[in-house]
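As written, the chain order gives the labels A, B, C and D, with residue 1 at the start of each chain.
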Amino acid sequence: MTVFEQTDSFDRKSDYPISELDLLVKSNEPVNHEYRQLILAAPADLLDRCRAGQFFHLLCPQTADHRPFLRRPMSIYGFYPQSGELHFLFKVTGTGTRALATLQPGDRLSVAGPLGKPFEIEDSWQHLVLVARGVGLATLAPLALEAHRLDRKLTAICSARHRDYLLSIDYFKDLGADVIAITDAEGTSDVDHLERLLEDLVQQGKADVFYTCGSNRILTLLKKIGKRHSIPGQIALEQQMACGLGMCHCCVRPFEQNGQIVNLRVCREGPVFDLQAALAW
Amino acid sequence: MVDLSVDIGGLKLINPIMPASGTFSEELAEVFDLERLGAHVTKTITRDWRNGNPTPRVCEISGSMLNSIGIPSKGIQAFLENTIPFYRQYAAPLVVSISGNTADEFAALCADISVDGVDAIEVNISCPNIEEDGKAYAIRPSTTYEVMRKLRKATDLPLWAKLTPNTGETPEVARAAEEGGADALVVANTILSMAIDIDSRKPRLGNLMGGLSGPCLKPISLRMAYQCAKATNIPVIGCGGVSTAEDVIEYLIAGASAVQVGTASFLNPTAMIRIVDELVAWMVRNDVSSMDELIGSINDGEQSEGLVFMESAP
Amino acid sequence: MVDLSVDIGGLKLINPIMPASGTFSEELAEVFDLERLGAHVTKTITRDWRNGNPTPRVCEISGSMLNSIGIPSKGIQAFLENTIPFYRQYAAPLVVSISGNTADEFAALCADISVDGVDAIEVNISCPNIEEDGKAYAIRPSTTYEVMRKLRKATDLPLWAKLTPNTGETPEVARAAEEGGADALVVANTILSMAIDIDSRKPRLGNLMGGLSGPCLKPISLRMAYQCAKATNIPVIGCGGVSTAEDVIEYLIAGASAVQVGTASFLNPTAMIRIVDELVAWMVRNDVSSMDELIGSINDGEQSEGLVFMESAP
Amino acid sequence: MTVFEQTDSFDRKSDYPISELDLLVKSNEPVNHEYRQLILAAPADLLDRCRAGQFFHLLCPQTADHRPFLRRPMSIYGFYPQSGELHFLFKVTGTGTRALATLQPGDRLSVAGPLGKPFEIEDSWQHLVLVARGVGLATLAPLALEAHRLDRKLTAICSARHRDYLLSIDYFKDLGADVIAITDAEGTSDVDHLERLLEDLVQQGKADVFYTCGSNRILTLLKKIGKRHSIPGQIALEQQMACGLGMCHCCVRPFEQNGQIVNLRVCREGPVFDLQAALAW
């Protein structure tokens, strides 16, 4: 029979890779009329564990109008151990993100993470190509920082409906990336045009690997070009999540592995997957 | 000094808090020390590989959630090779949840899973059963008794029967499980529910219907835990909507000897250890030193006898 | 221009919104014009005077409430003398909810209440029945069929059977009610629940257990409404957790032809007329002009057939 | 078949006695460390319908910490058609009142009412005696105003644990009432002392009717004295409520009527009842 005193002495290790923490909101400002950037104050040891491509699971606040029940997954947009900041870039869409939008500096937000498999940058990948649209840029932004740190060349193809909606362009430029902006408004974002851009990069030897997230259209195209030229790739995917940790199996998506279709958990085996294994949906 | 230990039909737990099947996995070891839990309960497994249900597999409704995961399973082989060894690292007892499509298949799996490293078997008799038109065994006393008899013969390990709220005969089913050989009752699984997206007019779950869990389920499961504790002489493990120490205490007072925590771990991965800490603090504050002072201590007066078999709202 | 009218087995309602039994009374006429409702549904009455249950008769739980009012009743005489004449002022149909301790007593009351001014009888077969160990008729198909047969013989008025969620056999019970002669199904009553005050260790309801109503009940009743609409050919009236026009639409899409509003009227006495207004606004916005465009319009694909008889969470 | 346009035209009468309204909070200040006074801006036609002894059913706000589900009944502490104000005096006890305590000026609060049966003042009742303790004073305060308006004499016996907790004394005095303060601290609030005070009033012909609320002890005493001297009385009672309107029958209490014990609804047949019919509990 075991007898306790009120104690935490049972914690055998103190360095669990995943934390559940109430963090202080430093700011939560609109970036444009759909997106907001949320900056939390975070302890250095948490930020040290963050990697590009990982995400946090956020317990959005309860407001009079919005009562999200489950947590909401959000990619790490930036993690800065020096300044003690954790950044998210989010699009206000439904219940949870609307509640998130109400957070004020000084409020607290419960975060769980960092979660999931990060992007990989293999030693031989010197020229990285990143293709992103919309909120996908939030997920890919820290990859640019990592590429910069590792002194790799980076081309960022940023797609949006309109120049006004192009996010993070300056961020990528400041990190020394070649930025190619394509927009629906200018008619430069269609698949054919994107394919030509990518083929050019391949011809110039500037595409050792593709990184992307989200869009079906871009996935299909990148898979095709990747296969054609044997260029590897990684994609960050989304799926609705309950636990975010791997316990509930609600976040599965089908993938192709060794010629078979298998369900993998986006929160655990992902959110970053091999581009060729990912299936369009 | 407070003593949190409980005894579930001979199995000693250091405290009454354990995870609910399907809401726990090895990954939680990356969040806190799993040794702090009263027991480890695995996701229900089946003998063969199963894909599970189409997505979306969860949806949130007012103050709770629905799920229709559908018991995806890697099959018994993978479980024996990977899962059991993982939990062997811990002193906390391992409770393996299993299910089968027919009573015989179920019993065979029960025998095959009765291996070293497994401390108890939780039989999920609350999932659809193809022999009975998709009704769960635990909907009726007769099917409960029959499947429990077969399962009882298949193993010498402690056998926990997980009941369903989708029945009008909770006390009778509880007694049938006891008579069929259950060593404890887990009360209860999720209640069958539905939600529809009014814009697309589609069910909000890929599988049409799913199970309601979380806070909304608590008053229903609590009532069942009370009924089961009154109707049988075996320990009851409460399950449904537990997210605070107060919830645990409510279940214990109702007659449960331990509780399982499910949905709360999705909202707060550290919920279970927070609950253990809160429970200790509550006991100190209220001068309660052992679980026995709580279990079944409800002041239900005269009414209990007549009403325990009531199955309709008064 | 939108048309909100619905037809419940021959009875025409100007809109699909009506109160749930026990959550409505003449007093609400002091808050808004009762003529705006699709129908008026009275609190369940019994033949004789009844005191009802001990207090506390309600308690609130996370996001919903429990009640154990216990059908206090002034008896049929007072009802005939005061209540029916009151509702005669209105064109909206009057639906009288009744209950009885035995099937014969129930049927006799049904006959005696079939008077001028009453437009339909809602038979509350979901309250405890002393002939069946306190189980409600509507827990089992057999008892449902038997009592419905007797009730059917007792009246020529439209007969609405109010079902209980405390069963594992919803589709079978629904069919038994239809075969027994029900003209419509009210789906459903409250689900048996419990709450305990951990300080006093007493049940939070004077009657030990009570019925859960309000938002938490919605996914359960909605699932039942869907099952009943699939299983029978009579109109279904959804009931459970309706508090917005979106809730109404969800029930209609699931297959209900109308809904009853209960607990929401406690939180907002004007809830029902607000819902009617919101429903009109939604229809205009979504270019829906009649209830027929909504009723049973769920996109449930292939799954519906196999799953409608499922009674356990997948 | 009836065809609607979006309209309220079905409202046949526009003057329903009971309203459900969202009112603006003007102030919500602590009165002492347990009680707060809540002042709402209310339309004159609502205030015109208010009577002393009636109550409103309040939909307390949802806060992060408190999620009351049902409404909470609160006596009308004051109604002022001229200034357009509706006052409540409440004790912070549980979930609902704690949530109520968070209301800020400018917030809105949904109220349903006025509800229940008011106090009566018969023409022959010239000398009114009011005995109240704690929050009961909130309920009896508007009766003092009404007595003043009708030019009746009023003696207010106000009981509390300690002088610091005596509420509304000045309010009663300003309305010309004789105020007798009795406290536990001074040992003046016990039944015997109260009985002597009341007997004195009776002897002086200053007690045509008793009004009280709450306390069992006071109820028992007033019933005894009332019976002894054939002095009528009224008592305002409390009971947990769901609908507040008479629909749900949860708020019943037992009363003695014509020698029989009957359950009456506190929200409808009350909250003001005949003193002799009320039963101690």
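Observations
Following the convention adopted for this analysis, a residue touches a chain if its C-beta (ideal position, glycine included) is under 8 Å from a C-beta of that chain, and two chains touch if they have at least 3 such contacts.
Chain by chain, the UniProt names read as follows: A, D = Dihydroorotate dehydrogenase electron transfer subunit; B, C = Dihydroorotate dehydrogenase.
Small disclaimer: the values here were computed from a predicted structure and weren't measured.
Following the contact convention of this document, no chain is adjacent to both chain A and chain B (Dihydroorotate dehydrogenase).
Chain B (Dihydroorotate dehydrogenase) and chain C (Dihydroorotate dehydrogenase) have Cα centroids separated by 32 Å.
Once the centre of each chain is set as its mean CA position, chain A and chain C (Dihydroorotate dehydrogenase) turn out to be 48 Å apart.
Computed from the mean C-alpha positions, the centre of chain A lies at a distance of 58 Å from the centre of chain D.
Residue positions 61-64, 67, 69 of chain B (Dihydroorotate dehydrogenase) each touch two or more of the other chains. Contacts between chains close into a ring here, every chain touching precisely two others. Touching pairs of chains, sorted by label, consist of A-B, A-D, B-C, C-D.
Partner chain B (Dihydroorotate dehydrogenase) is touched in their complex by these residues of chain C (Dihydroorotate dehydrogenase): 53, 61-64, 66-71, 126-129, 133-136, 138-140, 164, 166-169, 189-196, 198, 200-203, 207-212, 215-216, 218-220, 222-223, 226, 241, 246, 249-250, 253-254, 297-300, 303-304, 306-307, 309-314.
On the chain A side of its complex with chain B (Dihydroorotate dehydrogenase), the touching residues are 1-6, 8, 10-13, 16-20, 59, 67-71, 110, 112, 239-240, 242-250, 252-253, 263, 268. Residue ranges of chain C (Dihydroorotate dehydrogenase) in contact with chain D, taken from their complex: 1-5, 12, 14-15, 22-25, 27-28, 30-33, 35-36, 43, 51-52, 55-58, 60-65, 67, 69, 72, 214, 265-270, 277, 280-281, 284. Chain contact summary for the complex, chain A toward chain D: residues 61-62, 64.
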